[in-house]
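Chains here go by letter, A, B, C, D, E and F, matching the order in which they are written, and residues are numbered from 1 within each.
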Amino acid sequence: MSNQNRPSGRAADALRSIRLTRNYTKHAEGSVLVEFGDTRVICTASIEEKVPGFLKGMGQGWLTAEYGMLPRSTHTRMDREAAKGKQSGRTQEIQRLIGRSLRAAFDLEAFGERTLHLDCDVIQADGGTRTAAITGAMVAAYDAFSELVESKVIAAVPAKHFVAAISVGVYRGTPVLDLDYLEDSDCDTDMNVVMTDAGHFVEVQGTAEGEAFDRATMDRLLDLAQQGIFEIVTLQKKALGLTR
Amino acid sequence: MSNQNRPSGRAADALRSIRLTRNYTKHAEGSVLVEFGDTRVICTASIEEKVPGFLKGMGQGWLTAEYGMLPRSTHTRMDREAAKGKQSGRTQEIQRLIGRSLRAAFDLEAFGERTLHLDCDVIQADGGTRTAAITGAMVAAYDAFSELVESKVIAAVPAKHFVAAISVGVYRGTPVLDLDYLEDSDCDTDMNVVMTDAGHFVEVQGTAEGEAFDRATMDRLLDLAQQGIFEIVTLQKKALGLTR
Amino acid sequence: MSNQNRPSGRAADALRSIRLTRNYTKHAEGSVLVEFGDTRVICTASIEEKVPGFLKGMGQGWLTAEYGMLPRSTHTRMDREAAKGKQSGRTQEIQRLIGRSLRAAFDLEAFGERTLHLDCDVIQADGGTRTAAITGAMVAAYDAFSELVESKVIAAVPAKHFVAAISVGVYRGTPVLDLDYLEDSDCDTDMNVVMTDAGHFVEVQGTAEGEAFDRATMDRLLDLAQQGIFEIVTLQKKALGLTR
Amino acid sequence: MSNQNRPSGRAADALRSIRLTRNYTKHAEGSVLVEFGDTRVICTASIEEKVPGFLKGMGQGWLTAEYGMLPRSTHTRMDREAAKGKQSGRTQEIQRLIGRSLRAAFDLEAFGERTLHLDCDVIQADGGTRTAAITGAMVAAYDAFSELVESKVIAAVPAKHFVAAISVGVYRGTPVLDLDYLEDSDCDTDMNVVMTDAGHFVEVQGTAEGEAFDRATMDRLLDLAQQGIFEIVTLQKKALGLTR
Amino acid sequence: MSNQNRPSGRAADALRSIRLTRNYTKHAEGSVLVEFGDTRVICTASIEEKVPGFLKGMGQGWLTAEYGMLPRSTHTRMDREAAKGKQSGRTQEIQRLIGRSLRAAFDLEAFGERTLHLDCDVIQADGGTRTAAITGAMVAAYDAFSELVESKVIAAVPAKHFVAAISVGVYRGTPVLDLDYLEDSDCDTDMNVVMTDAGHFVEVQGTAEGEAFDRATMDRLLDLAQQGIFEIVTLQKKALGLTR
Amino acid sequence: MSNQNRPSGRAADALRSIRLTRNYTKHAEGSVLVEFGDTRVICTASIEEKVPGFLKGMGQGWLTAEYGMLPRSTHTRMDREAAKGKQSGRTQEIQRLIGRSLRAAFDLEAFGERTLHLDCDVIQADGGTRTAAITGAMVAAYDAFSELVESKVIAAVPAKHFVAAISVGVYRGTPVLDLDYLEDSDCDTDMNVVMTDAGHFVEVQGTAEGEAFDRATMDRLLDLAQQGIFEIVTLQKKALGLTR
């Protein structure tokens, strides 16, 4: 049923079409192209046989994430961060969020003194790049650990739960799920939620870009987020062949 | 009534002692020392008679924030960011949060082509530096605008609402208000909430550092935050002489 | 006919399969995915309505290029240049080469005070990324200028010639065309040649990685390069619909 | 007796009111707020259980200093050095001066393979911040070493002498002691002198900002400095409870 | 016989006057002032008793080069790279070229775990600074290794061949040897060639700054380069007293 | 008369041999090679037809200085500052000193909206590079202004006085003039003095590297400095042909 209110015609609680393409590039241990509508992010998972200094000799692993956007992934070209010589505050905020979210998904003590590097690079942006990145990184990480299992380095994929992420927000007065760029650039509130497949919160980051919002709206946004995340986790598990 | 559970003996819903000292230094248009227990932050508000390039000629103002910690404001000395040549991701995340929160408090179109710079520098850290910073910056900004009113540059302080901030979290299984350092470094969940004096949300940033948390916990944390913020707004207004 | 000498079995003068996919992403004025075998590079062309300071008021345009590799486009993960805070010497060398090559293809005086930004980002590397980048950037730039023609901003695409690029080298004693990664990492000589569709040289960059090479070898390498470039230019024109 | 010549009415050879507040913050081994009139600097001394690479295994300690100003410690807001990504030449000059001065005060061979970090952060500037910083850092360092004595790590505070610092200058033709901001920004000559409690020179840095000055003036300035430093050393020792 | 065509009156195949002054400064193991006409470059060779991390324990040496220009070595003053905080792309390109060229001249396995640092600093620029640098660095490196031979650290200078470099180009339609600044800034093609004393190619870097050039021109340029390099190698050997 | 005490055999009050070679390079408006014994510094003066932003439209000129050392100007090779991406604190301290000293020599209001850039680059270091730099820069600046006089841009060289610089120090208990490297690296006190030809102080920077020094020593050092500077100014004027 089409919706007059949203530019895309989606219902308030409808996700965009979400696709997860595994083995997207050939070198990485895990490599996923994730698409949330027109938003496209390449997520690779690389295993390195060492840990950062602060963990040396402690017998546990580490997981870290980096995020980037191709200069013309956006409507108007952005400066290339490598050329400017620094990552923006926004970039750092997002890659810290991805790292925390994925560390919540895996048992760092169960994969030895190794580091899992997650690289999330936005090829095309249309809103929701950070939530797409977390969602795709979960699958890429799972694939990378599966490779360690296959080569008998570890006994099982050290996943504690699945994590997925989605944005919710208030667009023209209505709480909606999975904002695209047109909505994102014109909304009053934007909230990113990261949840486990058990429906527990890993991260909540909400910002009132226009009007501050009341508790009832907050409650409705959290409901929408949970519904969306359950749908996305199903897609993740399907993509990995864990369910049908 | 003392509480066995919290290191400080505070009740689960008790704030630390909060103090706001105005005119703490002499040069800034607004200058506040804010204390949340042993956490001490100097917040200054400086008015500059120009706006960033992207706002030139648009007849409106801008508000921006920076955050820093003295190297030995913490238990062990941190490297000085100016000497390292860059601000950490954490620093940038916090100063972006402060900026967004305070932009929500004031009407940027009502103070002409001026920039309000908020500088929040932590002298002593004991948990909750970012929430103390937002709380103190509100008062410093109010003072700076009041000076513009007194010198008849603008007609009234362009405040849309008061904003204040507090942290809540789950410490040893119990939702608590206003975490100090001992709690913060050993909690499962840490959430920072920024709200208006009307009880509307400006920012919510929650992270499950240990276990992911369920919706009931989320609800309890938001209740605690609202109660704490109402108490803090009262202190802000008292400090400014707006109420008794 | 398969070749015992080359890991891929290609004949000494055989290119890899080359593909040019236009309109690969949706925001850029020109956007091409170029593939030389397993090497995949996204080339976007962005038009900006201004020129660098040194050209202001001179009534002519400018063209500039940037190059990057996704951290896990390679066999082992490379550090992200944006995170390290600087582009490597190799990166700068390559993007300067792309810029000079493409400036040779277009008449900078014929498109007004505009800058064409070419961004070449390697998604997957298997040797020859810089020659693929130049080849794809030519097509992306052509598309971007065509858009200006369609919107009647300029009268015609200001191309002076087509340019394309290919590598040649000495692999296990034999001069070969279009080195892939296995050859590139074990060759004695590596030369990148950029030529116009008239067979004239735009750039020649040859390096004896192992043994220095004699004049007869040089002559053979230049022959191979010219043959390969003629084949590639045909593909470029076909992709653009300029020939069948 | 008031002086018509100086903005503050001080006699030519009168110091401003100088205060030293120990234990100003709670984490540092030594922590002093030093005030020279309206100039306020927080000096902390932090002990780290290692030395820089060039001293490893040599059985001696090291002492180093850093200096900073809060952005709005001054009349008009200065850019934050951490945000700009580098320390100014002035900042580096001052922190090198503080480091050399304090290394002259202590016996580096007498406290083992430890580093004493001195951080001098200006909260409010009104002239003479570097001399205040040296003066306060001496007391903070003494306190930090005293803590090592108390915990029986070393046998005695390894002080060779006390050092203190003061500025002298030529203001409107008259040599004066301890320039405040109004004098400093309008003087012909500005000289910073660091001396031991025995009246021996550790550092002399004089600059003719306006007219070059003659030898007789130099002699008078050095006399004033010595008198001032003797007064300051007395205050330092009193603050530490070493004399009454 | 003077040439109407070239600003200097040189014949098309005539080098400028080339001079190599050994022991130009006193500290370096090898130190050469090289002059190609008015182009003057100081080349020093410094031996360090360690290798970069990636070679540790492999029993072989390393050779690396850096290049710089004094700010006023050029017609108009350039910004100082140390002050700007980064080396330009051009500088990096040149120092990488010098490094590769000289690594081709020496047997890195024959001088133990040592690094030879070549520093090429342009005192006065008049075209051809990179070819002068390579030419001078060869002699400085030879001197540095000779010192190791004299002190009986190694048995013989580990030279595989001599390398020298020269530029060739097309100036006003004529292929010419050794472009000076006037020619360089107004030529259609500029090519730098590095060759061994056996006439084998080490590096070729040609750029069509104006018109792309055909194969016949390429052949003529390579002939000129070979002739010039044979003359230069003779001068290098004479300077070192290896021939008369 | 030779001196047993000093490594060079110089008398306590003897300068090294000082040479000033004008027109050392051809592009700069002023270009001087200054030698203090084995210390050799190239000083160039470049005139730019604009002033920094803070002086725009004020009708006066500006003078600024930069300092650098070639990596192997010293006994062991130093890292290249351009490659490290920043100038050391020592470099900045020295170039600020050179700038202040030369600004004291010239009337900035008398040469229009122009900037004089002084670049002092150390080719070979043997102690006293900063004093040699100031001494040489004075002559280079004079030459640059003379060129403006010759081309009738200004009426006269805007020199207020001559400035020159020398180091003095306490070497093995004896105050000596003009320390060379052997003395400098083993002295108790090192003081750099910049004076006008009238014997007035422009800068005094003294440091007790070992023992703090008393007032009598200070007086003797200032006497030595004045004597040395008078000798150097005579050499400067002779080099410029102002006296015989």
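The rule is simple: a contact is a pair of C-beta atoms (placed from the backbone, for glycine too) under 8 Å apart; a residue touches a chain by one contact, two chains touch by 3 or more.
This one's a predicted model, so the numbers in the text were calculated from it and none came from an experiment.
Engineer: So which chains count as neighbours of both chain D and chain F?
Structural biologist: Expected: no chain.
Engineer: Which is the least count of steps on a path of touching chains running from chain D to chain E?
Structural biologist: Contact-graph shortest path, chain D to chain E, evaluates to 2.
Engineer: If I average the CA coordinates per chain, which chain comes out farthest from chain A?
Structural biologist: Farthest chain from chain A, going by C-alpha centroids: F.
Engineer: How much rotation, in degrees rounded to the nearest 5, is required to superimpose chain A onto chain E on the basis of Cα coordinates?
Structural biologist: The best-fit rotation has an angle of 120 degrees.
Engineer: State, to the nearest whole Å, the distance from the C-alpha centre of chain C to the C-alpha centre of chain F.
Structural biologist: 51
Engineer: If you average the Cα atoms of chain A and of chain C to get two centres, how far apart are those centres in Å?
Structural biologist: Inter-chain centre distance comes to 33 Å.
Engineer: Could you tell me which residues belong to chain C and also touch two or more other chains?
Structural biologist: 85-86
Engineer: Since the chains close into one ring, what order do they take if you set off from chain E toward chain F?
Structural biologist: E, F, D, B, A, C
Engineer: In the complex of these two chains, what residues of chain D are touching chain F?
Structural biologist: 86, 89-90, 92-93, 95-96, 100, 104, 161, 189, 191, 195-196, 198-208, 211-215, 218, 222, 226
Engineer: Across the complex, what residues on chain B touch chain D?
Structural biologist: Per the touch definition, chain B meets chain D at residues 25-28, 31, 38, 40, 42, 44, 46, 48, 66, 68, 70-77, 80-83, 85-87, 91, 117, 119, 121, 123-125.
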